[in-house]
Amino acid sequence: MRPSGRKLDQLRAVSIETNVSLHAEGSCLIRMGNTHVICTATIEDKTPPFLKNTGLGWVTAEYGMLPRATTSRTRREAAAGKQGGRTQEIQRLIGRSLRAGIDRSALGERQIVVDCDVIQADGGTRCASITGGWVALRLAVNKLLKAGLLTSDPIMDNVAAVSCGIYAGQPVLDLDYPEDSAAGTDGNFVLTGSQRLIEVQMSAEGATFSREQMAQLLDLAERGIADLVAIQNSAIA
Amino acid sequence: MRPSGRKLDQLRAVSIETNVSLHAEGSCLIRMGNTHVICTATIEDKTPPFLKNTGLGWVTAEYGMLPRATTSRTRREAAAGKQGGRTQEIQRLIGRSLRAGIDRSALGERQIVVDCDVIQADGGTRCASITGGWVALRLAVNKLLKAGLLTSDPIMDNVAAVSCGIYAGQPVLDLDYPEDSAAGTDGNFVLTGSQRLIEVQMSAEGATFSREQMAQLLDLAERGIADLVAIQNSAIA
Amino acid sequence: MRPSGRKLDQLRAVSIETNVSLHAEGSCLIRMGNTHVICTATIEDKTPPFLKNTGLGWVTAEYGMLPRATTSRTRREAAAGKQGGRTQEIQRLIGRSLRAGIDRSALGERQIVVDCDVIQADGGTRCASITGGWVALRLAVNKLLKAGLLTSDPIMDNVAAVSCGIYAGQPVLDLDYPEDSAAGTDGNFVLTGSQRLIEVQMSAEGATFSREQMAQLLDLAERGIADLVAIQNSAIA
Amino acid sequence: MRPSGRKLDQLRAVSIETNVSLHAEGSCLIRMGNTHVICTATIEDKTPPFLKNTGLGWVTAEYGMLPRATTSRTRREAAAGKQGGRTQEIQRLIGRSLRAGIDRSALGERQIVVDCDVIQADGGTRCASITGGWVALRLAVNKLLKAGLLTSDPIMDNVAAVSCGIYAGQPVLDLDYPEDSAAGTDGNFVLTGSQRLIEVQMSAEGATFSREQMAQLLDLAERGIADLVAIQNSAIA
Amino acid sequence: MRPSGRKLDQLRAVSIETNVSLHAEGSCLIRMGNTHVICTATIEDKTPPFLKNTGLGWVTAEYGMLPRATTSRTRREAAAGKQGGRTQEIQRLIGRSLRAGIDRSALGERQIVVDCDVIQADGGTRCASITGGWVALRLAVNKLLKAGLLTSDPIMDNVAAVSCGIYAGQPVLDLDYPEDSAAGTDGNFVLTGSQRLIEVQMSAEGATFSREQMAQLLDLAERGIADLVAIQNSAIA
Amino acid sequence: MRPSGRKLDQLRAVSIETNVSLHAEGSCLIRMGNTHVICTATIEDKTPPFLKNTGLGWVTAEYGMLPRATTSRTRREAAAGKQGGRTQEIQRLIGRSLRAGIDRSALGERQIVVDCDVIQADGGTRCASITGGWVALRLAVNKLLKAGLLTSDPIMDNVAAVSCGIYAGQPVLDLDYPEDSAAGTDGNFVLTGSQRLIEVQMSAEGATFSREQMAQLLDLAERGIADLVAIQNSAIA
């Protein structure tokens, strides 16, 4: 049924390779099928101005794609002179999602910047970025803990994300690009390790949807997130 | 309980004044409490390049805020030299939402640009923009129909939007700014007149949420949308 | 003779509605015929760097137009990524004009930003912006006086503006858009309440002009300004 | 009385050296005292899109200053990434002024771009640019006439400009930088060879002004323009 | 002597992994020690406008670095809104170098865009980009040949690059970052497979140099290039 | 043989006119044949942030061209909204070259900005900018020495530059534009007064080159630099 032959509730092959960067405080390469994202976490000793003297830290994210990560070449945003609306929307989502899993008071007045750069794209790059970004963040925080720079762990829970959609009339988990282009309804779900909801973004791309379909997609998402959290944990261990 | 004294499931006072623009093909001023948005629809005889010779039309949206629509003055985006990430995210949402209610084949190869400019902001500007933007769009399409330029009505249903959130532990409808700033969870819901879902965007702003809470917010949204659709229809009539 | 049927020395219907903004320290909506401009004044406790420690204040202005304020849609400057030359020229003119009516030493080291946003355009938007901008400024300064933050009134006189031009060979007052497009010579006149000159900008748009014509336009302007000042004063009272 | 020792109605030493550019179709270096501007005119075989198939030509201008043309170094606009408001205002003025002296129908569908680059500034750069720009334009048009590409001369009259102002309470002609910085009122006057008015721009810089003062400045301007036109003509001869 | 313990004329460990991209017509990941660059080649059926109807093709390059490719995080150029001077200089160099090895007439009217994205940096990124970029280009051209879209091979010879410099008074081959930061003189050498020179860029970074030193660096470069060309050829085979 | 009739090792007529700017601390107009560049040096009392409290000074350069310095008009970079890659490459080269001749510790914590603006171009503008830029720098430093603001002379040696290339199969000195466009190989050489090398930039523009040709070009460059240094010294004397 699915172009890839996967079952409706089956993730693509997922792997997370940690410490892929010589320089970053935390890093990983996440592969969800043919979608590959390098995630790095950088610790900075200062926060954005609006947090000055609040005792609170910040986690933010930036997102990019190599020009030929895509089927046909996409114009380089640095050459275009600005980040497009899609890029900004995605990096805001990654940042919000990761912040939802962190105790900013325990982090103290520092900022962690998570960079998610898509090396190869085949659908689901924002979800892979969140799932991989959390691993990079976890590793960077571990470094702070190990160095005694933090007295308690600011990370409250895992954060992972997966897309689901209505493809050929059926709810399916973890859309790849051919499914994503054809799906009538499309959703991204960000959950914690304990299955609490952080972000739900569902969108009618050609076909409106019902509450019942929404529930079906959420069922799939909960199942996928459980697997992704296990993969995160074994990558870190 | 609510700063405004409203009931949990009570919309703010909503009014839609139509034909507020001398020049636009369709226009209205929507007021949701102290949130006021001017919406205009402009008909253009050409579509974006990717639709050339497809027979399909396009609906797109742009969003802006007057600098002093907000409590303290916001920097003018034209002076800053770019539209911020929030602006781009909102205008992409408005465009997607309005397109979901239109038969692009019946529209033919033309584009309708819906401009939503916030004159005064008190929370919920993106929802007001969608609800008012649909009215402007409806009026512009009526003009095309009246002029005999369309043979069938491309508008399939009303499109309206409302925000809901968990405020002080309670699910509430149509957040104003004081509620929005304090809400732990925040959602925007775009529905059709027949209560089909177009967009669901829920976000944990400080507190993660459960599926049950999600259902409660959606209940509220369905109720609010029904009211908004009635207001749209009486404004147009 | 005139497209609108007005007499040569007749202003359009002018109204100034004050306090149209919930948030701004001073605000009004000025209507000169079909030209409608929202003017807001924002008080800031800091001045531009070049005034630091001089004891002098500053008044500056920004100008914008909603995309569909015009007959056909004008590209949004925020989307274009910059303010055009016309916009910059106009906002510099508004700022200079308003500063000419203020004692910057009595204002003290604060800045007042006057935003003029054209909701609907039918010629004469820069003049309406100056006339309405002064009202917003006056109201904001009143607020400072009332709060005891100023010991003397920094406003020395009213400031108002009107356009005049040679239309169909005749000098006419307060050009609307059809007249403005066809006028051979065009002028903008900014005067004080006591009829002192602040700015005179006359321009040959297709036909050069004589000193005698210049004097005729100035006669008309003085007349129009007297009326506008009376309208300003009654709006504020 | 004047810092330079000049009489109230005395121009600075003016010289116009023609054909200073190896490449441009018309060019000159104009010196008004210590203000030096290189003006070049470039003939292009196409017009701006809005003139396509109208049979009308166009004259436009661009203005720039070398970074160290000024007393202290001014940031290079190319490095800043945009032309400032002052630059745009000036180049729009130059373009409008030169167009007022040309029969665009006789010019035919071509564009002449006049570049005015200030090599050294000591007040009055926009006026020098107009006066010198006209000479470059005249020389370029002569080349078209000589080559038989034009059947009649599109230049209807000389165009020249001069500044006047109220300095130390006195009306003075052709302000240099020390006078310009101190002047209460400042005006730029663009006239034709036959003393018709093209542009009048008067501005209260600290002190409002009367109609009588305005007339005095205009008297001075007429006198100065007569001299400048004679200098233009002898430079071209 | 060298921080890495390498001999003066010893390259870092070099590897070239080909076909690392699912989508690109040619691609490789080149590793020169800790400097890792992804190179992709994209074939486009159109050339830049200046080559229209000349029968000639074009090869161009773009260069970027992931923000955390460097020891401390470098600001993302897409976020900064422009490519820096260093980036532009490097991508112009890559493009010129690759074009020197290609017969643009045999390529025909098509363009090949080579993207070089630095995943991890430890000195010598521009040289690695040229060496790896040539491999990507070679693979893309092979695809054109195989498809019968080219009748003769437009690639005339290998192109490879290496840096050399005077480090601690000694000429050394293939500088890594610690050497590069401390080198008094620094050079980049681009050669063909048959040891013809394409680009020589030598620069005094703190210490001027002699012709004799220049010759010593060139000797080293010729040696390094021979090795790199062998590695290119075995990667492609 | 050469279009200009010059001998293979003959410079164009070179002149350096000093103190051409009323305002700059050092300035000259350098003419190398029809290539004319105005160079000014501006002394600033602050350095770039990365040098704060190091006791070291900085020399930097900016480069520009008047739009009609070239055969056909080049778009003004200020209007285009950015400096092109070529401009940035050239100004980085000028800055590096001039810094190589200065003892930044003797200069102390100040910055000298050298602006090189091409008034007319006929090949070799970057070399003329370096040679003339050094004269402007020398004059500005002389002013500091005379004023007792420096205790020792930070200028260690002259810095001059010249281009050489293979034209019609022959090595030639100081390429003018017709030669530059046709040359197969092109080089820019920056040397000190004592003939030490600062920068060597050789580039195959259509034809690769041999080490022997490289040596021939360097021979020519040494000869040309000796002449340029003599001209610099007599201009300053």
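In order of appearance the chains are A, B, C, D, E and F, and numbering begins at 1 in each one.
Criterion: a contact is a pair of C-beta atoms (placed from the backbone, for glycine too) under 8 Å apart; a residue touches a chain by one contact, two chains touch by 3 or more.
To keep track of the chains, here are their UniProt names: A, B, C, D, E, F = Ribonuclease PH.
Remember, predicted model here, so these are calculated numbers, not experimental data.
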Graph distance between subunit A and subunit E, where chains that touch are linked: 1
Both-way neighbours, i.e. chains that touch subunit F and touch subunit E: none
Most distant chain from subunit E, judged by the mean position of its C-alpha atoms: C
Centre-to-centre distance between subunit C and subunit A (centres being mean Cα positions), rounded to whole Å: 50
Mean-CA-position distance for subunit D and subunit C (Å): 28
Touching two or more other chains - residue numbers and ranges from subunit D: 81-82
Traversal of the chain ring from subunit E via subunit F: E, F, D, C, B, A
Residue ranges of subunit A in contact with subunit B within the complex: 82, 84-86, 88-89, 91-92, 96, 100, 187, 192, 196-205, 208-211, 214, 218
Subunit F-facing residues of subunit D, complex: 21-24, 27, 34, 38, 40, 42, 44, 62, 64, 66-73, 76-83, 87, 113, 115, 117, 119-120, 122
